[in-house]
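Presented sequentially are two complexes of chain A, the first with chain B as partner and the second with chain C.
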Partner chain A sequence: MHDSLFDRFREGESFLHRLAPTVKVVITVLFILSDALLPDGHWLGFGISWLTILLLNLAAQLGWSYTLKRSFIAFPFALAAITAIFALPGETLAVWDFGPWHLIATDAGLLRFLSIVVRSWLSVQVAILLVTTTQFPDLIHALEHLRLPRMLVTVIAFLYRYIFVLSDEVLRLLRARQARSAIPPHQRGGGSILWRARIAGNMVGQLFLRSYERSDRIYNAMLARGYQGHLRTLNRHGIHTRDWLLMTFAIFLLILLQLFAHLG
Partner chain B sequence: MPITHEKRNTPLPENLAEDQPVIAINNLDFAYPDGHAALYEISLDIKKGEKVALVGPNGAGKSTLMLHLNGILKGAGELRVGGFPLNKQNLPVIRALVGLVFQNPDDQLFSPTVFEDVAFGPLHMGFSEDEVIARVEEALAQVDMSGFEKRLSHHLSTGQKKRIAIATVLSMHPQVLVLDEPSAGLDPRARRGLIQLLNTLPITMLVSTHDLRMASELFPRMVIMDEGRIVADGLTSTLLRDESLLEKHGLEKP
Partner chain C sequence: MLYSPSPLHIPDGFLSLAISLIFWAITLVILSTAVKRTETLDEKQVPLMGVMAAFIFAAQMINFPVAGGTSGHLLGGALAAIMLGPWAGMLVMTAVVAVQGLLFQDGGLLVMGANIFNMGLLTAAIGFGFYKAAEGRQRKLKLFAAGLGAWLSVMAGALFTALQLWLSGTARLDIVLPAMLGVHAVIGIGEVLITVAAIAFIFKTRPDLLEESESSAQNGRGWIVVGALLSLGVVLLSPFASADPDGLERVATDLGFLEQGANAPYKLLSDYALPFFRDSAFSTIAAGLIGILVIAALVIFLARRRSIRHTSHN
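Entry: the complex of A and B
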């Protein structure tokens, strides 16, 4: 019931699926960096980036609009940049008064805001492409190969394993509440907002306690199998010549894009 | 990008003397930190090759006792595993000797993939990569789950999870298998499969269970616990015939 909720991976045989996970992570991060470095309002540069993503979508045999359709989920977060409209000096576009606030929208501000939205939208798409073509355990290993702090990698790995268990736990709690949320005939049910809030609070507390106790049991299970303070892993990913070539090519393209955007 | 992974070799005792008990507990007492006493004067010897059922009502102390066998809990009294007294120095060796499988497979299986979970024990014992891979294959074959290496633990059924959970300790080549309620929550077919599996494993076993039918089928010896004490220890067939004993300790004749 929960697989589709979190697992974004899609089986496939494309060259993107076969590429070494470490290389994919590096290219993704560099791509996002390159996005962030494109100057405000460089629509041609953004366009080229997006075109690349579309082509990669096709190359991964996902259909051209796969990441596009799934990228809107991040849009609300980009709205956090809305203050940029009023924060930059430039030609005044409009003035609003909200009580004590005197807001001046400028053209430079608007341009920056739109650029930020496009940048985050492109970044989200390339990240979606990464998790769609890479099994999550492989991603975790890639992070390990890239020498990310071990503790961080471990936390991500546990999060991935137990988010399913936790979401099941939440589902069970919600069902138990629903099953007892009865209303007698000819009466109004539901209780006051305050009472409902308290119930919800109790459920959150329950969830925390259950997770806490579970973490204790898991730690015991780790101890029982010889855990002595740091995790060891077997990594059997090799990086082949093909991966090196592709990574070099991708970095070359990104540098070219940056040169074009800043000098051209 | 070559990544070298730490390797370490823990010296392991190869084979125990035949007559020596694998587990020897003498006068073990334990109270939880909050003062709640859980075990009183537990004395129990388990010989090599014995298959023992540990039964008793909920809260009798079965799980608490099992956690002692692996040194996760430490009570007052004497506990030897494979001849080694339980102390800080022997702890890694004892954990390799005792394969402890927890009741809830979601607690036991904490890695993203089946392979990583089964490899966890051998890796932490310091074996080489080839050895670890060989042990994982062997353990999965023993529980009849070959080919599941790349599967994600959260996509498995409960019966499959239980089998993998057993494989996670079989890969450590333990001397004793300690299972906490292995048949709980299984449907009849998965339960039957599990009983067959336990029957084929040629290894010393201590299994806590409420399933007295399984106990009579699999375990010649039975230990009954109640309120933190061992109240009976003998042949399963004899104990199961003593209806007043069973009733007194909240058990039902199968």
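Entry: the complex of A and C
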């Protein structure tokens, strides 16, 4: 089992952990929405958002930099946004000629680029906060409360349940490949790329067959235990007054931030 | 960590609100159809789709070394659709993209509609369409069709990602489009090799599984048209847009997207919000629709001729 790979939940007793999962999902999405609505270069607004995330980090007893340390996953994608620097009209900062491209860096473009990076960085952090303080099965159940089609939610639940099993299977396959891939001394090992790709493809086919057969067995086992078409949970996921209050408060704060950003 | 993010997962913040919501809407419409279509199947399908979603997720970890520390691995949309049928394949890919976004922050939440569309819906439609077109033919031809579909599905995902970034005002089209398509032309080859080898392996070991999925999707002829149209779009649009980004830019300006991208997204409901009612936009859309109808008629005509010849052959 490789819980460490797939389980992002951290045990805790904070109010964030106790908050209803449905409410947490709603607030997270609204927070990201509010990020998207902040105008380019509104550093004060971004700063307030980040400060909120820091405080929530502390409130969840994660230490102030927990989400910060894990938030750099989206940075490679910033490459795609670099061209925003040259995309907008504005005051010219620098001009480059690079092959067929005539690049004019503008102040508006630079502002846009930095804002995009900051927005994505904030959004990633709040999403990390969500999965760190919510068990994933609860999160899936929250999706059902939010009126996602039950079938899709069930498929996601199965996916999460069997990632652990099938990734073990994959590691076994990879280990077996590794074990049979000795390179004799003074020889080039590994074969051609085409051959290597075919082996990987065969492994995918093999994994498919094992998964397919496993799903048969799973279904039979489920039938044997009285499966009637949908999954049940013992967690009631009631939304209490406290959750409603907190959600209202969070929405109020986000609206305040938006008013401040657009009118102030 | 084995799990490697692909450059198609757009994070939050990179798409404008308008584009995010438009693609959420498109994705939800298609998904609700997919749910309706699969609900009529027996209840055994649900655990099967769930385990298959985990399979695609796990299969994305299987890589092969290419050169210089890089490796090729699978996206899986085409493979899922070929093995499970188009609607189930779409649901499976949706679950995969959703978990990657929710659990690993690999792809954002507000932009998840676009991510599901690019990596799940497009890839499944194109992959299945091509495979279906080779139905009843020799195994070699089927594998060829599957490979072509897999490559085009990756290219379609890359094309749409580039277009969404550009329409959001996040990237310059004349740079991001060739870059995206160039990178994915190579990544797509890895996709082709793995998909084809996997299907060939299943042909060898459990041919009954593939025949089963064929007979269960008898009335899937429409997918050939869908796949052909989408990939025709990719094939026609990519070189055109790469060679003449100004042309595409002009269309988008007419449609009002670029103003939306250039202005902050909070101006969503200002004058620019309803650009579709302008004369120039109307004429552009009408021209586009007529073009699509002509192509669709052509493809249906060809498909019918082909199938008549095919049945007379038997």
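Quick note on the criterion: the second predicted complex is superposed on the first by the 227 of 264 C-alpha atoms of A that agree within 3 Å, B and C clash if a C-alpha of one lies under 4 Å from a C-alpha of the other, contacts with A are read in each partner's own complex, and residues count from 1 in each chain.
Assume a residue touches a chain if its C-beta (ideal position, glycine included) is under 8 Å from a C-beta of that chain, and two chains touch if they have at least 3 such contacts.
Note that the structure is a prediction, hence the values are computed from the model and not measured.
With both structures placed on the common chain, the touch criterion links A:218 to chain B and to chain C. By the touch criterion defined above, A:60 reaches neither chain B nor chain C.
Once the two complexes are overlaid on the shared chain, A:22 sits against chain B while remaining clear of chain C.
When the two complexes are overlaid on their common chain A, residue A:145 makes contact with chain B while staying clear of chain C.
Residue contacts after overlaying the shared chain place A:165 against chain B and chain C alike. More residues of chain A lie in touch with C than with the remaining chain of the pair chain B and chain C. In the superposition on chain A, A:137 makes contact with chain B only, not with chain C.
When the shared chain is aligned, chain B comes close enough to touch A:232, but chain C does not.
Look at A:157: by the touch rule set out above, it reaches both chain B and chain C.
Touched by chain B in one complex and by chain C in the other are residues 136, 157-158, 160-162, 165, 214, 218, 222, 227 of chain A.
Across the interface of their complex, chain A is touched by residues 1, 3, 5-6, 67, 70, 72, 92, 95-96, 98, 100, 102, 104, 106-108, 110-113, 116, 119-121, 123-125, 129, 132-133, 152-155, 168-169, 172 of chain B. Residues 5-6, 8, 28-29, 32-33, 35-37, 39-40, 73-74, 76-77, 80-81, 83-84, 86-89, 101, 112, 116-124, 127-128, 131, 136, 139, 149, 151-152, 154-163, 165-167, 169-171, 173-174, 190, 193-194, 196-209, 211-212, 214-215, 218-219, 222, 227, 229, 262 of chain A touch chain C in their complex.
Listing the residues of chain C that touch chain A in their complex gives 1-3, 5, 7, 9-14, 16-17, 20, 31-32, 35, 38-39, 43-44, 46-55, 57-59, 61-67, 72-74, 79, 83, 91-92, 94-96, 98-99, 101-106, 108-110, 165, 169-172, 174-176, 179-180, 190, 193-202, 205-206, 209, 262, 264-266. Against chain B, in their complex, chain A makes its touches with residues 3, 22, 136-137, 140, 144-145, 157-158, 160-162, 164-165, 214, 217-218, 220-228, 232-236, 239.
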